Amino acid sequence: MNKTMLGYVPTESPIYEVHPFVKLFFLLIVSLYPMFIAAPEWNALLMVIIFILMWFSRVDLRTMRIYIPMFISMGSIIFISYVLFGGNHPEYVLLARVFVINIYWERIRDAIVVYFRILPMIVTMVFFLTTSRERDVIVAMRSIKVPFVVTYVFAMALRSAGMVLEDFHIVREAEQARGFDTIGKSLAYKIRKYVMYMIPLFALSLRRSEEFTNALVARGYAFTGEVSRVKRADYLLTHYSFKPHDLVLTVLVGVSFVTLLFFKYGLGYFNLDTSIFINWLFRIIS
Amino acid sequence: MANVIIEIKNYSWRYLNTTSPALTNINLTVEEGKFIGIIGPNGSGKTTLAYSLDGLIPGQYNGIKEGEVLVYGKEVEQYARGELQRSVGVVFSDPESQFTAMTVEDELVFGMENLGMSVPEIRERLEWVTELTDLKPLLMKPPYEISGGQKQRVALAAVLAMTPKVMILDEPTSMLDPISRKRIFEVLEKLKSEGSNTIMVIEHSLENLIPLADRMILLSGGELVLEDETRRFFQKMPLLLEKGVHPPGSMQFFYELTENGFISNLLPLGIDEAVVELEELVGRKSGYGDPR
Amino acid sequence: MDTSKPSELTAEQIWTVQPGEKRSVGVIHIVILALLIGIGFVVGAFGSISFPLGFGVNFFWTGIAVQQVGSIWFGLWGVIAGFIFPFFSNGIAGTPFYVSLAYIPANLVQGFLPAWAFRFFKADPRLKKGRDYVILFLAMIISSAFGALYSPLVVLKGFGLLTTESVPLFIWGWFGGNVVAGIVFNFILLRALSGVVIRTTAFVKKWWA
C-alpha cells in the first residue's frame, strides 16, 4: 500500500500510471463543472462518475465516511439558510407557513441546487487527496514550472503540519500523564487547555525553524544571491514521464469542459427549467 | 607537510543577549585530509565551533565576533551565500530536524540540486552514496518513518552526496543505539580510507572516535584546552579527567599501570592495542620477555 | 549593534532598525513561512471541523491566531502564510477550492492590519502597556469586521451559497468566531512568546526582514 494525502492506495492501482499533472488538472477543471451546472441530477451524475473513478483507482471508499457528518451539517446549514431564513417573497410559490416562517418552493429548490453543487466539488477534492501523494503535488507544480521556492515551501508546510500534529499528541499525552484530561470537562476548561497547548506548539515550531534553516543552509540552499539562481536539475521529474495516455486524459478533461460550456450557453442545457429532477420534485411537493 | 585548510586565529564569539562568550580566543589549524576529534563537556562550545566553520555563525546567528575564521584562506564572512557550504558540510545531531523532503531520495538529491549538478551527475553520485551508506532499500521511504540509525545515515549521506572537502559531524551518534553508532563510524572509516575528505567529528562516544582520529581537540568553558596528535593527547589523562572527559576504561586502566611503573609505552588507543599491550606485559612478568 | 537584553528594549527599539544593523531576507524567512502554513493548517482545521458554521466560516476559528500573531512577528511572511493555510484547513474541512481562493482578500486583511498597526503605532509585541492591548484589540476588531463583511457578502453570496437573509448570520459568525478566538489566543501568545521571538533572526522589523 502507498500512503496518499488521505489514506492508502494499493501499489497495483492504475492511478499510478497517471502523471501528477493530470491529477491536478483534473481537480482544478472538474471542480469548476458544478459552477456551470444548476440541474441537480447532472451534478449527482458527476459525483457518481467520480465515485466510479475512485473505485477504479482502488481507493477505499470507506474514506468518505469521515465526510458524512460534514455533508449532513452542511446540508442542514444550507437548508436553514435558504428555507428558514428565506425571507418574505410574495412572488414565490408559498408551500407552507410554519409560525412566522414562510416556506417557499423556490428556496427549497435553490437549497437543493446549492447542495448538489457543493457535493461534487468536495468529492473531487477528496478524489484528489485520496489518489495523490505529497510528492505528486510537487511534481505537478514543478511540471508547470512553478518556481522551486514555492514548491519547496509547499512540501515543507505539509511536513511541518505533520510535525505539529505529532507535537500536539505528545503535549496532550504528557498532560494526560500528569492527570490533565479534557474528557467530560466543560467547554471553558477545554478552551483553556487548548490555549495552553498552543504556546508549546508555537514554541516548538519556532525552535524547529532554526534547525530547519541550519539544515537548508548547510546543504547549500540560498533564497537570494547568485547561488539561488543556479539551474536546478529537477531530479524528481525524471521518475515521471508524460505518456500518451496522460495527454489523452488532459485533452479529454479540457474538451469536456469546453463541451459543457457549449451545451450550457449554446444549447441551454443544465438549467433548472430543463431539470427533470426539479420538475418532478415540484410536482410532488406542490 | 599537508595543506592547512582551516585557520582560526584569536577567535571569540558571544551570542547576543548572553553575558559570557561561547568561545574565547581559539587558535587552531587543521590540515587537509586529517580526521579530527572534538570533545568536551556540554556547553564547552563544540557546536559553536562547528557552526563557525560552516558560516552558520555569524550568518544565521546574531552575536559579537572577534578574530578570524579562515577556510581555504578566506574569511567565512567573505564567502557569498551558499558558497562556503559547497566546501564545508555539517551533519547535525538531530537527524529529524534536518529532513524537509518527502522521501529519502529527495533528501539526498536536494543538496546536489543546490550545487547545480546535472541529472547524470546526480544519478551517479546517488548511486555512490547509497552504496556507501547502505540506503538503497530506503530511497522511497519518508525520512521520518525510518529508524534513528537509518535517519542519521540519511543525514550523513545527504551531506556526503555534495562531496564537501570538509565534513563536520556534530554528535552524529548521540541519539543512536550502540549498533547504529558502530555503523555510522564504519561509514566514517570508509571515508577516511578514501582519503579525499577532511573530517571533524564532535563526539562523546570515545571508543569509536579514538581509533579513527589523527588529532584530538578538547574544549572546555569555551576555551581550547588541549590539542594534539591522538596518542599524545590521551597521555594527559589527569587534565582530561579534570575537564570531565572520560577516556575508555581500557585506556584509564593502562594509565594506572603507567603511573605505577608497570609500562612506559604510550597508552593503547583501543581494545585491540590494549590486548596486545597486556599480553606483552603479562609475558614480561612471567619471565617471557625483557625484564623491567 | 544593539546588544541590549530583550527586557530592556523599548517598543520603539524593537521596531526600529538600529544604525549599523543589517537585516536581509534569508532562508529563515522561507522556513518560517512554511512552518506558519503548517501550524495554521492544523490549528485552522481544528476550528473548521470543531465549530463549523459552513463554507469555512466557524464559530471559533483558532486559525486567526496564526494569521494575526504570525503577521505581527513575521511581517509579510505571516500575512502570506495567513492567506495560504486556509486553503489547506478549509479544504480538509470540505470547503471548495474556489471558495477558499475567493477568501484571500479577507484573510489578507486579517493578517495585514494587526501587523501594520503594531509597526505604525510602535506597539510592543510583548504587550507591556495598556496601549498595546488597545491597538491589538482594535486591529483585531476592524480586520475581522472587514473579513466578516467581505466573505459572506462577496464570496458566499456571489457563489450563490447563501441567501440575502442568511448573510447576517454568517457575518456575525465570521466576526464573532474570529474575535472570540483572537481574544483567547492572541494576547496570551504575544505575551508568552514575543520576548523570545524578537531575539531571533526570524523576527521581522519592517515587512520582509
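Brief remarks on what is shown
Chains here go by letter, A, B and C, matching the order in which they are written, and residues are numbered from 1 within each.
Assume contacts are C-beta pairs under 8 Å (C-beta built on N, C-alpha and C of every residue); 3 or more make two chains touch, one makes a residue touch a chain.
Quick caveat, the model's predicted, so the values are computed rather than measured.
Compared on C-beta pairs in contact, B-C and A-C come out with A-C as the pair having more. Using mean Cα coordinates as chain centres, the one most removed from subunit B is A. Once the centre of each chain is set as its mean CA position, subunit A and subunit B turn out to be 47 Å apart.
If you average the CA atoms of subunit B and of subunit C, the two centres end up 43 Å from each other. Taking each chain's centre as the mean of its C-alpha atoms, subunit A lies 23 Å from subunit C. Counting partner chains per residue, subunit B has residues 60 touching two or more of them.
Residue positions 26, 28 of subunit C each touch two or more of the other chains.
Residues of subunit A in contact with at least two other chains: 152, 156, 158-159, 162, 208, 210, 212-213, 216-217, 221-222, 224.
Note for the complex: subunit B touches subunit C at residues 16-17, 60-62, 64. Those residues of subunit A whose C-beta lies close enough to touch subunit B in the complex are 3, 133-135, 138, 152, 155-156, 158-159, 162, 208, 210-222, 224-228, 230-236, 238. Of all residues in subunit C, those touching subunit B in their complex are 1, 3, 5-6, 26, 28, 199, 201.
Those residues of subunit C that touch subunit A in the complex are listed here as 24-39, 41-43, 49, 52-55, 60, 62, 65, 69, 84-85, 88, 91, 93-94, 96-98, 159-166, 169-170, 184-185, 188-189, 192-193, 196-197, 200, 202.
Note for the complex: subunit B touches subunit A at residues 51, 54-56, 59-60, 80-83, 85-86, 89-90, 92, 94, 97-103, 106, 109-119, 122-123, 142, 144, 158-159, 162.
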